[in-house]
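Two complexes, one shared chain (chain A), two partners (chain B, chain C).
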Partner chain A sequence: MEDELSFSDICGGRLALQRRYYSPTCREFCLSCPRLSLRSLTAVTCSVWLAAYGLFTLCENSMILSAAIFIILLGLLGYLHFVKIDQETLLIIDSLGIQMTSSYASGKESTTFIEMGKVKDIIINEAIYMQKVIYYLCILLKDPVEPHGISQVVPVFQSAKPRLDCLIEVYRSCQEILAHQKATSTSP
Partner chain B sequence: MAARGKDPDPPPPAALTCASPAECSLSSTQSHTVCMVSDFFYPNMGGVESHIYQLSQCLIERGHKIIIVTHAYGNRKGVRYLTNGLKVYYLPLKVMYNQSTATTLFHSLPLLRYIFVREKVTIIHSHSSFSAMAHDALFHGKTMGLQTVFTDHSLFGFADVSSVLTNKLLTVSLCDTNHIICVSYTSKENTVLRATLNPEIVSVIPNAVDPTDFTPDPFQRHDDVVTIIVVSRLVYRKGTDLLSGIIPKLCLKYPDLNFIIGGEGPKRIILEEVRERYQLHDRVHLLGALEHKNVRNVLVQGHIFLNTSLTEAFCMAILEAASCGLQVVSTRVGGIPEVLPESLIILCEPSVKSLCEGLEKAISQLKSGTLLPPADIHNIVKTFYTWRNVAERTEKVYDRVSREAVLSMDKRLDRLISHCGPVTGCIFALLAVFNFLFLVFLQWMIPDSLIDVAVDASGPQSTWGRQCSYSKQRDQNSSEPSKTR
Partner chain C sequence: MVFKVFFPTCCTSADSGLLVGRWVPEQSSAVVLAVVHFPFIPIQVKELLTQVQQASHVGVTVLGTWCHRRQGPEEGLGRFLEGLGTIFSHDPWLQLCRQRGGTSWSCKAVGQPMSPGVPSDDQVLLVFYDQRQVLLSQLHPPTVLPDRQAGDAPASAGGLAAVFDTVARSEVLFRSDRFDEGPVRLSHWQSEGVEASILVELAKQAAGPTCMLVSWLLSLLSAVSTCRLFRLWPLSFICSKLSTCEQVRHRLGHLSLLFSIQGAETPAQLMRKANVFVSVLLDVALGLMLLAWLHGKDHIGQLADTLVPVADRVAEGLQHLLQWLMGAPAGLKMNRALDQVLGRFFLYHIHLWISYIHLMSPFIERILWHVGLSACLGLTVALSLLSDIIALLTFHIYCFYVYGARLYYLKIYGLSSLWRLFRGKKWNVLRQRVDSCSYDLDQLFIGTLLFTILVFLLPTTALYYLVFTLLRLLVVTVQGSLHLLVDLINSLPLYSVGLRLCRPYRLAAGVKFRVLGHEAGKPLRLLMQINPLPYSRVVHTYRLPSCGCHPKLSWSSLCRKLFFGELIYPWRQKSCKQD
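And now, the complex of A and B:
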């Protein structure tokens, strides 16, 4: 089963949430941001070029113009490869664990996996972020030494930063699976 | 206290009493969303901190939604929850001096606006005139068109340069605030004069003590000797110099007299000198700094409590001592005469001679057995100042304020220019305009519709322990008015 919902992030940008239910105990949530728009790309390029031409008229050195070309090219490559995340996926499997994948605009993917034994809970928390107070979804990890303690908090959807309504949607589904997992792990 | 004679009208209690019982019951059903702002909150310890905490708890109990905004203390930043869903925002703002944040009047607007919008705050209640953040919040609240209330916790002078400056700033900050609360009539007089306010928008709501924390225990004290307790910071304002004059005089006269002195401060050295010179090591005990939870254990060891303050808005220490069943001897300064009835306190002039006479009177009463027993004093005091009563009276201020209109921008500018002098008024009117433009810019950058409304932890839509607390809250709400009225 698969469906797609539309939400917005904390700055008002559009986000698409795809939910794939493979089985009652295995679900995948995929948040995709809009791709790099031609408009912002043009705006950045133009402003860099204007600045370069301004400098060029001042000191009349053509090195500046070639430097501007390199700056734009390298900047764009770096941005696409290291900064711009197009899609963030949260795959939760009852008996195995939680896998978080973020795919960059260049196609690079980075994946983290947390096995179910380490997961204590999934919660929505509040944080102060850049002059804003936002909600975020995070995974609490068990402390191996102390059974009731928390060793680490892993935030989910870190770059997309969806709003509360989207987080609640994901949270509910995750909680269903966690509850199912707890029920099966204690019953045998 | 030259000002006392000049004040023509007796303290008008109009702000605190309802016109009719019908209005009372109508207004108490209305629920407010209040944001308490102050630089001073737990984990910092002090009078303002506990005032905010206790008041918030009692207001939550009465069904209001309360949030607290303060600055980050060390590693404690972000959003925290305290008992009963009291939500505290520890904002990462720079601390300048004495736990007070720096103020530029603008830099805190984005965060405070975000919080006010997401929590749907209707009333901003700032505490303490030393707190820059409290004044910032008042300024931003007025720009955003919210109702504002301010509580003043301290007395100031008029003469020296620093108080002239702070008084000017207070004038600017309070001239368009909806309502001001003071902790005693003396403090009200002081604030009205300092900030040139209309006395009708100033209410007096005293502090309170938790009577269950300060219970008498007569078995802790030794009845073969007389013990005098002093608990205060050892600084000039608290009259430590007077104390150093009293100790040798009385110790010579009464061989069975002991002093226990709790507190720390720069004047401690004077007391140590006195102890050294008159060889009083076994009779004068200096305990050093006390934690608030240990104060009661010290108080119950004594018979007489001595307070030598030179200035005081509302003395919590004598109230705590009286609640522990001690006879109180105090100087007649500031708001102290208002705190306790004549039968429970011996008031003296702030001089060594007068205080000695007062103490001798208390000692002779104690020896002749005419003092009230501690349990009786406790039972009398316990009815005077309760946090529930404070919350009830604060609620009436909120009700009154919520019916008032907030000054529009042009009226506010008029008020600033006409009220605060030509130069200061114009400067701050200009700053108010800048603040308004900044707010418009922020509203364009992040429209209110983009801000997630926070999930309520207290108040009518509370999600905090929903199953049990709802029925409990109802019970308390219905039973409480009969108890406190």
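And now, the complex of A and C:
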């Protein structure tokens, strides 16, 4: 089962949430951010070029122009490879674990897998971000020493920053699986 | 709890047979290690399994049956496979079946009437894993405690670490290669036969005696270096100050680690040895390249020819600077008498320095030639030597800095104590605090007079101090960057980085799963892949310890020291002793 919903992030940008229900025990949520727009790319390139031409007319040194080309190329590569995240995926598998994948615009993927034994709960939390209060989904990890304590809080969908309505959708599905997990692991 | 079956990808195309593996009850997961093919004799299979159990301390049992249907449904085979469950009793008994198309899998776990959790088809997860990668990979951070004996049961290793542990321990099972003919035909990850090379064998044979010889030589060397002659005052003192000596000692430690007779026990130790080996190898290779460049085409002569004029020019520049300071630098009006005294003093110093360099100049080429030979010990040694040479050649700057700093320090110290007098207070040494105190009129008069004199003389001293501190900081920066380069070569774990580059699965940070597909009524299939360790963590985990001869100074404490005129890095101790 697969469906796609449209939400907006905290700044009002469009986000697409894809839900894939592989089985009752395995669900995947995929949040896609908007792609790099041509307009912003053109604006950045033009501004760098104008600055470079301004300097060039002042200093009359053609090194500045070639430096501008390199700066734009390297900056774009670095932005696509290390900064711009296109898609964030949360895969939750009952009794196995939770996997978070963020795929960058260049195709690089970074994955974190948290085993179910370490997960204490999944919650929605409030945080102060810049001048506003935002909500975010996070995974609480168990402290290995103290069973009731929390050792770490892992935020999910860190770059997409969806609004509360989207988070509630994901939260409900995750809680269903967690409840199922708790029910089956305690009964035998 | 959902029932999990870990199945090796290399067995997906195997013929029908028995599944051999380990059952982890606390996570209700079955780790399949191999498939035993028909025909077999049950006694022989049981014998093999007990052998493997004894060797690996892993509870390897027959988990169930594996059925690969190439043609249409075979009723007879199915019934036969069910019958096998009575011979090899296991709870629950797995029945894994693959249809002809290759995409349709079914898995049934038949349990005794044990629990309500007898999993239906929906509740089974089929996780495929690459046996070779899981066998060779090393989880970070290591989950098994280092003091644990290898023979203990891996009960505490939780979750997926248990899977990794099981596969790594049952290496005995995988030892037979594809061409082995045993009583029982197994299908699992197999090497393509053991390759034998005469060179490798010779190297293995030669490694032992070579290590013995080299370690004996190294122990001899260390015995010589600890003998009494080198403990005498000037030698030990100079050795502790020269970065070359530190570097050579560091490298000797590395070599004795490399050629030590007892082998590495844990993977971390092995990795450390390999890292040290690659680091030493790279160091020596770079050093030899430097040596070839220096000694070819008379580069040494050119260097010597440029070195003396450069030192001369530096001294000349300093002279000009001093003459500028003795006038009215940047339009400031200095105290003329003090300015002249200080300037002349420093000028005389430079004069001495220039004559010293001219005395040295005929020998410089010879010295450089011998110094160049040290590059065969490694680039790091040559760089440390270069740093030492820079320190020696800029000794005059260091002297100026020390004089300036001392004068400035005295001024600041006097001013601060006189400022307390000015306010009618004094420093109580016994109680370590500032007390109020009533001074006589004479005391106050003298104190105020001295305070005024010091305040008016302060700008001149401060100017000299500022200029020489800047020069000193320049030299320290150059030396510091050289030391950084040396540290980089010393501590970069190149072997681990190369391993991460070429065999990403060897250093695992964890696992990642990919959903292969799901049909209703069939088990969900997942592919387990190794998640490689990021480069930053590789470097962080396997960093070799560096020389550690640098004091850790924070920026704020550095600025504080500069402001109060205390001496900074690196010859601080030396100057203290001289003072």
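Things worth noting here:
Please note the rule applied: the second predicted complex is superposed on the first by the 188 of 188 C-alpha atoms of A that agree within 3 Å, B and C clash if a C-alpha of one lies under 4 Å from a C-alpha of the other, contacts with A are read in each partner's own complex, and residues count from 1 in each chain.
In the analysis below, a residue touches a chain if its C-beta (ideal position, glycine included) is under 8 Å from a C-beta of that chain, and two chains touch if they have at least 3 such contacts.
This structure is a prediction, so every number in the text was calculated from the model and none was measured.
Look at chain A after the overlay: chain B and chain C fit there side by side. Contacts of A:V153 after superposition: neither chain B nor chain C is touched.
Of the two partner chains placed by superposition, only chain C is touched by A:T101; chain B is not.
Look at A:L55: by the touch rule set out above, it reaches neither chain B nor chain C. In the superposition on chain A, contact is made by A:L91 with chain C only, not with chain B.
Between chain B and chain C, C touches the greater number of residues of chain A. Look at A:C26: by the touch rule set out above, it reaches chain C but stays clear of chain B. Using CA centres, the angle subtended at chain A by chain B and chain C is 100 degrees, rounded to a multiple of 10. Legend: residue contacts after superposition of the two complexes on their common chain; A:G12 is shown touching chain B, with no touch to chain C. By the document's definition of touching, neither partner reaches A:I72: not chain B, not chain C. Judged by the touch definition given at the top, the superposed model places A:I134 against chain B, while chain C stays out of reach.
Closest CA pair between chain B and chain C after superposition: 17 Å apart. Chain contact summary for the complex, chain A toward chain C: residues 20, 22-26, 28, 91, 93-97, 99, 101, 110-113, 115-118, 181, 184-185, 187-188. Per the touch definition, chain C reaches chain A in the complex via residues 1-2, 4, 27-28, 115-117, 122-123, 125, 127, 158-160, 510-513, 515, 518, 524, 526, 531, 534.
Contact residues on chain A toward chain B in their complex (touch as defined above): 8, 10-12, 126-128, 131-135, 163-164. Taken in their complex, chain B has these residues touching chain A: 77-79, 89, 91-92, 110-111, 114-115, 118, 446-447, 450, 452, 454.
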